[in-house]
Amino acid sequence: MPYVKIEVTRDGVTKEQKQALIHGVTKLLYEVLNKDPQLTHVTIDEIDTDNWGVGGEQVTEIRKKTKQ
Amino acid sequence: MPYVKIEVTRDGVTKEQKQALIHGVTKLLYEVLNKDPQLTHVTIDEIDTDNWGVGGEQVTEIRKKTKQ
Amino acid sequence: MPYVKIEVTRDGVTKEQKQALIHGVTKLLYEVLNKDPQLTHVTIDEIDTDNWGVGGEQVTEIRKKTKQ
Amino acid sequence: MPYVKIEVTRDGVTKEQKQALIHGVTKLLYEVLNKDPQLTHVTIDEIDTDNWGVGGEQVTEIRKKTKQ
Amino acid sequence: MPYVKIEVTRDGVTKEQKQALIHGVTKLLYEVLNKDPQLTHVTIDEIDTDNWGVGGEQVTEIRKKTKQ
Amino acid sequence: MPYVKIEVTRDGVTKEQKQALIHGVTKLLYEVLNKDPQLTHVTIDEIDTDNWGVGGEQVTEIRKKTKQ
């Protein structure tokens, strides 16, 4: 009965990429733990870059600096 | 001090239905565990059907097939 | 496809009480949103009173004061 | 490797306030547990007041009453 | 900056299986979204079968019936 | 009505350190967003180092290498 939540920054993840994540995680749980795919739920949470911080700084700002 | 998170697909859940969920969960925690309703927090997270998968497939696609 | 997480303090919640919570939440989601119970997952997370705070204070300490 | 999720009601939290929360939590984890800020991730989840309940009631409704 | 939480029932998942899940999810996020593995955090939450329900019933009880 | 979850590795965090985290986060939410401390809940989730991965590797193994 696995439940998996994937949190990523909101960066224009396409429907196809979301499908690839859902399919890949479900396959992994079947291969590693023999979990029935019909009982595996996967959700994807896209988070604005203003709302995610690493090293005490918003991702929005980290990216601005990296691009310079 | 219960905290409950309810994740459902984003399907036009109405304000009244949300209120019914909040009221119902809070009542349940009072009846089963005698929890003070004033300390029970309930949040509802509505998730796009592209962002939820079961059986390795997006709910968006599962629903298309079911309707055929 | 609902997924519900119930967080409560670790206070000797019995197996029967857990079953009552799981049954009650699943029934509520069927009644309010017509969700198929077979697709509703409920998990219960019991949290030590040292690890839960309200009002800036550990529940362990709040309870000591309340009992006095 | 701390990961912190902050859930607040969606009330027009500004970019500067989000930065202050991210910075403050990261600093706290460094001061209390000596955690390397580069490994501390903080996410902020803003939740509609219809989707948050306390005392069995939506925050939207609680606020209406409080203002009267 | 992905963060992934994997919830599974507590069933004697080995250290090697946990490593395979962590490695597999991190690889998937690199392949699908080009995420830097050094910024991908994965946590595994093992949940007692009394604390997980599907279809309104505890996994502990579902498994007893399945084995008969 | 903030709710904050702090996830850290299980490393012998003391009761006093937990209290400092709870107090500090609650104070931060009061200072930045003027949130009533009585409505701020904080929970701390301690996660085994086998169950946390960064860069595709378990923290248990990362630490072994760092110490060499």
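To keep things simple, chains are lettered A, B, C, D, E and F as they appear, and every chain counts its residues starting from 1.
Everything below uses one rule, namely that contacts are C-beta pairs under 8 Å (C-beta built on N, C-alpha and C of every residue); 3 or more make two chains touch, one makes a residue touch a chain.
Bear in mind that the values here come from a model prediction, so they are computed numbers and not experimental data.
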Any chain in contact with chain D as well as chain F: B, E
Chain separated most widely from chain B, comparing mean CA positions: F
Copy-to-copy rotation for chain A and chain D - C-alpha atoms, rounded to a multiple of 5°: 120
Length of the line joining the C-alpha centres of chain A and chain F, rounded to whole Å: 21
Touching two or more other chains - residues of chain F: 1, 3, 7, 41, 43, 52, 54
Category of the chain touch graph - line, ring, star, complete, other: other
In contact (per the touch rule at the top): chain pairs: A-B, A-C, A-D, A-E, B-C, B-D, B-F, C-E, C-F, D-E, D-F, E-F
Touching residues (chain side chain E, partner chain C) in the complex: 7, 47, 50-58, 60-61
Sites on chain F touched by chain B in the complex: 1, 3, 41, 43
Chain C - residues contacting chain E, complex: 15, 18-19, 22-23, 26-27, 37-38, 40-46
Partner chain C, residues of chain B touching it in the complex: 1-9, 13, 17, 20-21, 24-25, 28-29, 31-33, 35, 39, 52, 54, 59
